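Following this line, the structures themselves.
Below, subunit A partners subunit B and then partners subunit C, in two separate complexes.
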Partner chain A sequence: MSARPGFVLEVDRSTPPTLFWRGERFTLEKLPEGSRVIYAPEPHEPLDDPLAAIRHALANPLGDSEPLSALLFPGMKLTIAFDDISLPLPPMERPDIRQMVIEQVLDLAAEAGVDDVELVVALALHRRMTEPELRHAIGDRVYDAFAPNGLLTQHDAEDRDNLLHLGQTDEGEDVEINKRAATSDLLVYVNINLVAMDGGHKSVATGLSSYKSLRHHHNPETMRKSKSFMDQHRSELHSANWRMGRLIRDAGIKVFQIETTLNTDTFPDAFSYLQKREWEWKAKDRIGFLGAKAALDRMPARYARRLFHSVKAPHRMTSVQAGEVEAVHKVTTENVWAQQGVVVEGQTDILTLGLPYISPYNVNSILNPILVACLGLGYFFNLYRNKPLVREGGVLIMTHPTPWEFNPVHHPSYIDFFEQVLSETTDPSEVASRFEEGFATDPWYIHLYRTGHAYHGVHPFYMWYWCAHALQHLGAVIIVGGDPKSVHRLGFRSATTLADALEMARDVVGSSPTLTHLHAPPILMADVQ
Partner chain B sequence: MKALILERNLPRFAASRVASIFGSGRGAGLGPLQLLDAETPELPGDEWHTLTPLLSGICGSDLATIDGRTSRYFEDLVSFPFVPGHEVVGVLADGGTDHAGRVLAPGTRAVIEPVLGCAPRHIAPLCPSCSQGATGLCGNTAFGALEPGLQTGYCADTGGGWSEAGLVAHASQLHAIPETFSDEDGVIVEPVACATHAVLSAGIRAGDVVAVVGAGTLGLASIAAITTLIRPVAPCTIVAGAKHPHQRQLADDLGADHVVAPDQLARAVRRQAASLVLGGRLTAGADVVIDCVGSAASITEALGLVRPRGTVVLVGMPGVVSVDLAPLWHREVRLVGAYAYGAENAPGHDSPASALSPERRSFELAIDLVAQAGLGRLVSARYPLERYEEALVHAGAAGRRGAVKVAFDLTTVKGRTR
Partner chain C sequence: MNSRRDSSRSLLPTREVRADAALGGRVGSTLRRLRPSALASRAGSAHFPLAAPTWPGTVPRPAPTPELGVHYDTAWSRRYPVRLARAIVLDNVTRPVAKVLAQPRLRGEDALVGLDTPLIFAANHASHIDTPLILSSLPQHIRHKTVVAAAADYFFDRRWKADVFTFLLGAIPMERTKVNRKSAQAAADLIADGWNLVIFPEGGRTPDGWGQPFRGGAAYLSIRTGRPVVPIHLDGTRHVLAKGSSTIRRSRTTLTYGLPVWPSKDDDARSMAARIEAAVAALAEEATTDWWTARKAAARGESAALQGPDAVAWRRSWALGPAPERQEDIAGPEENSWPRKTRR
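This part shows the complex of A and B:
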């Protein structure tokens, strides 16, 4: 039986309450009659034989690329870069896609007699991965073969000796990337394309670059011109990356792009009700939900967090394509949309979101208030094509506890950003002009980024810029059940219940608003007509 | 006439100390302070005048005394019984002369510079400190014509501000206040003078990062002093730690560049100084830390915030504290006391203080500063003497209760004229 497509439910009297995530907890909420609930398409059938599919993709590249085996030769310098801990979400059950792909690339390299091979984690300004995280991503065999010999490195955007400035685009954008990658005879990039934003020229131009490059597109103006950044053709973020990617190509750097897509099978059996439509819940689902809810409600947040971060997603590979960057990415994007796209008729006055415990930047960590804002206004708000789900001047309501809590190891500059920057202004442009450079060049943050597991000092700024489009578009943002102090620091409004939030929203959008709930995760993308 | 009189009574001091465990000022009813009938003190000499208090503030050092927490260092520097109250604005019913020899008409409102140095003690020649105007450093505060007492409010002969009967002040102690001043403006002059003296002795230079620990009266006044007196000639960055919302608002209003919660102060200073962190301490840090608390915790914090060869200025009155001085030694930090007031001389040609007249006293600067920054607003509550227990509890919990300075209000005393 083929997977059912996404679905837009109109709430009526008989509709059961709708599941809302609240971080590490969840509740059932009764939505007003006439509200719409958007459900993700059911998981597509995964590839029967992913290893065979990978082999096929490497041998039958897209675009003007030769097969990978033809690009490998003895004495060459080969670099394999791959996505970091931010993908996929949640982390997938073993074997991770990266492991499957990299092992095959390495097999081909070995067959071709390539000796000089290095693996590079494409961190950009993200935190360095831990050994267990790396072992999970690339497998023990690859890890043990490369890491002890120093052949598995994590891109260091502050290592001036290992960056190469390739020039400037026509728009004056600096392109500076990892020197090992730039000076290799072949750079293979292994992607996990969780959403349409991932991959393409962004892989190398962002993942292996430095602050000097990133600042050209990770800024409020670019984000406001990316409507949305899930839609490559209307995304200034992508335009900038494409300009940079083409400069990288024109500089003679040979990139062999490998992109993979996943189905929306997000939660293991024990939590399968989280990705079902509520009216289709069976007794087992209801019991599972009630049991989990009761346990989670009584569990200290840190234990609930630990529990959820131990969950590995069963999502499986639905496609793999390799070859020339743009040709590959075109097919990948189509595949992502085929799995995640839902046609939605018209915008809404109020958009509701239940924010889960995880975002790309808090795997095995805390979803701090800045990441809460970014997850809601940066990611979920931008899960659209054509028009935002919520109309201009509309209201975004999110449910999340939003504790004033940070992981000091992973997010040290976030703490200062929250305490010292957002206390003065929440305007992304002002934030950028007054504070960005100081954080980006702060020696302590640089030290922690390079030697610990900290996101770069400038990273919280990027999270805030991610929200810029939504902040400009929305009439109000309300967080239900959040720590009022944190919520107010973010510049949002705080409500105790969803009913209170709806009442507050009516002050902004009128007394008879339309309401749409984005039932995610699983991830879906709204094609708003 | 009533006055609050503090007598040497060890059992009562002990009771007060125990009660203060539950909060500063809570031992007032059990302690050595009592509301008794009192007479106006006799004038000790020709240059003395009677000042009738209008408002008299409750200082942290007063609370420490009443709580029995004061260092034994001060035992020989006070004489019992005494009427507390050294933050005083009052009226000279019979007129007088001020510190500069100017004649003050009857009814003039004045504040007192409470230090009882050589001049009030009729000691001649003046000691080296007094001869330089540094009366706060006078070595004769237990000698001469008066009973021991480092200040009015700690001396058995002079009376103090917490009295309806009035106090006596030597001409050298008197500073008339402008007509435009409210009584609140007047009573805040003394702590503002302390803050002024402290920040002018801190050696703040252009480009410095200055951290202010504590945002009570002294902390807020220090911020105002830096903003008004120093920053125009030596632009610097002020980072203040303030616990309570009203303190944060005032610190912000008075010109602090960054106002954060106390637990955020180290991070805020680290950001400004672009410092690394080692063992919970900053490797660089603030050039100057103004400690307006004076506790072991605040001194420890200050030593963790200051840069190597930086300066920590103790403005808040410390007692016996246990502090690890290894960072002070290792990083060659200057730990400087800042007591009271004096003549604010320019210490060097490149000092911001060079913009000031070397002859101006802290009190004169403070009077200007109060006017410029509107510091009378720091007075949050006024109590009649009869409600002294309540007043002291309020003062002991000022921050928590949304207050800054709590004062005794003597303007409503029957027969009082201004």
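This part shows the complex of A and C:
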């Protein structure tokens, strides 16, 4: 049976309660009659033979590019860059797509007699990956062949000796990227395109760049002009990356882009009810839900977190394309939208979100309050094309416990940002002008970023800027079930129950508001008409 | 209004609250939850997800996907835990019960010696006891990897029946009223996967004790998979539980295995079905005489026909001869029939 497309449900009296994520837990909430619930399309059929598809894509590139085998020659300098731990979400079951693609690329390189090959993790300002995480992403065979010889490196945006300034765009934006990648005869970039904003020129222009480059588009102004990140024709973030990418291309850096898309098969069998429509739950789903809920509600949060972060998604590859960056990305974006797009008629007064335990920046870690804000306002709010799901001045209601809790190894600067910056102001522009430089250049944060597994000092600022468009657009943000202290520090309102939150929202949007719930994950993107 | 009498408005604790406090709040509340009236009210008002979800009125219901008949999925019954459970039931319940009720006399078991599996077993069919009897009599290495072709319209028309017979007998649904590629394909796939198959080519139990013409199902599967058909003749099972009867009686039965019938290049389903039927007919002869006599009759083409004389009903019944001596005639009917008659 072919996968059903996405669906917008109109809630009536006989509609069963709707699943809401609450971090590592979940609840069923009865939504008011007349509310809408948006469900993701069902997972598309994966490729029958992904390895054959990869080989075909490498041999039949898109755009102005020769087949990969024709670009490889003895004595050349080849760099293979790939996405880091932030993709995909949740991490996928083995074999990871990166492993499958990189092994095929390396096979071709070996056939062509290429000796000088290096692998680079495109971290940008993210934390360095651990050995188990790397082994999971690229497989033991690749790891054991390259890591012991120092040929598997993680991009260091603070290593001045290994960065190369390529120039400035017409808009005056500095373009500075990894020197090894910039000085290679060929840079192969291996992408996992989980959402429409991933990939394209952003891969190299962001993933292999430095703070000097990133600050030109990771700022409140750019974020406010990106409506949304997922809509490349209306995203200033996209435009900035494209300007930089074209400068990289014009500088003579040959990039062979490989992009892959995944289906929306997000949870393994034991949790399959999490991606089903509630009225279609079978006895097995209900038993699974009741059992999991009873266990999770009684389990200390750290164990529940550990349990969920051990869950690997059964995502499967639905397409792979390779060749010239822009031609490849055009096809990839179409494939992503085909899997995730849902047409929605009109905006809503109140948008409700159940926030799960994971975001791109807390894999194997804690979803701290700043990341809660970023996940809701930065990512989920932006899962739209044309118009935001919620009208201007509307209310966003999110369910999450929002504990005042941080991972000091991964997010040291987040702690200080939360304590020192948000206690002063929550206005993204003021945050940027008063505090960003200090955090970005703090030697202790830089040291932790370069030698440990810490996100860069400036990273929490970017998370906050990611919320800038939503903060400007919304009339109020309410978190249900959150730690009131954390919620107030974020500048949001706190409610105990969804009913209370709806009552509070009516004060902002009027007494008979419309309500829409985004039933994600699995990831979906609303095409708002 | 006398507010003192309105206990619901009283600021003083009620008896129930006092009792709760005396018991400790949690204990008291647990006891209240466990009161029969509370339990009944909770059971009656169970909501999703304790109860099945209701269907939103705004969502059109999809056409129900057929799940019974030939569409019933029996894959679950071939998973190892289910096979193990079935083997335990078969060896410890079905076999002893079949042995007690049918007291089978086995003949020709050596026909199975040295035969590679999978095999297709084709038998005449007179009673519901036939399947348990055949399964009970098969060698251990065969009986625990055997499925039984069962009428899709009879054994798979209700969910509970489908579940029970699939579990107990390893039944798979077989269309008998029309040609159905799905059921034939499923059976062929299972044989190709190493499963033995028991099939009754007559397509149903005999209504009068005489056999019915063999249909081409067993022959088709044999030609399709290249596996041989082992003919089986069952004698006397009709007297244990006849078609249309609800009384089970103990009676002696004979189960005779024949030499395998292999598909040949020139065979089609019809010609091979005739060969299988002739093989079973020869075994029928053997059940009433001996092997040598039966072989000689078969060689002359004079095996007693399974289907009996072409005559009116009473003459066909007459031709069957007298019923064998029943156990109740020895032990008394009240002790050996089921369900038992009520004594007055």
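Following the convention adopted for this analysis, the second predicted complex is superposed on the first by the 529 of 529 C-alpha atoms of A that agree within 3 Å, B and C clash if a C-alpha of one lies under 4 Å from a C-alpha of the other, contacts with A are read in each partner's own complex, and residues count from 1 in each chain.
In this section, a residue touches a chain if its C-beta (ideal position, glycine included) is under 8 Å from a C-beta of that chain, and two chains touch if they have at least 3 such contacts.
Nothing here was measured: the structure is a model prediction, and the numbers come from that model.
Legend: residue contacts after superposition of the two complexes on their common chain; A:172 is shown touching neither subunit B nor subunit C. Applying the stated contact rule after C-alpha superposition, one finds that A:443 touches subunit B and leaves subunit C untouched. By the touch criterion defined above, A:252 lies against neither subunit B nor subunit C after alignment on the C-alpha atoms of chain A.
When both complexes are overlaid on chain A, the residue A:150 reaches neither subunit B nor subunit C. Looking at the superposition, the partner that touches the larger set of subunit A residues, subunit B or subunit C, turns out to be C. Judged by the touch definition given at the top, the superposed model places A:74 against neither subunit B nor subunit C. By the touch criterion stated above, A:9 is placed in contact with subunit C alone, subunit B being left untouched. Once chain A of one complex is fitted onto chain A of the other, the partner contacts of A:300 are absent, as it touches neither subunit B nor subunit C.
Once the two complexes are overlaid on the shared chain, A:283 sits against subunit C while remaining clear of subunit B. Looking at subunit A, you'll find no residue that touches subunit B in one structure and subunit C in the other. Those residues of subunit A that touch subunit B in the complex are listed here as 415-416, 419-420, 423, 438-439, 441-444, 447. Subunit C makes touch with subunit A in their complex at residues 48-50, 52-59.
The touching residues of subunit A, when paired with subunit C in their complex, are 9-17, 28, 278-281, 283, 285-286, 289-290.
Contact residues of subunit B toward subunit A in the complex are 258, 260-261, 264, 267-268, 270-271, 274-277.
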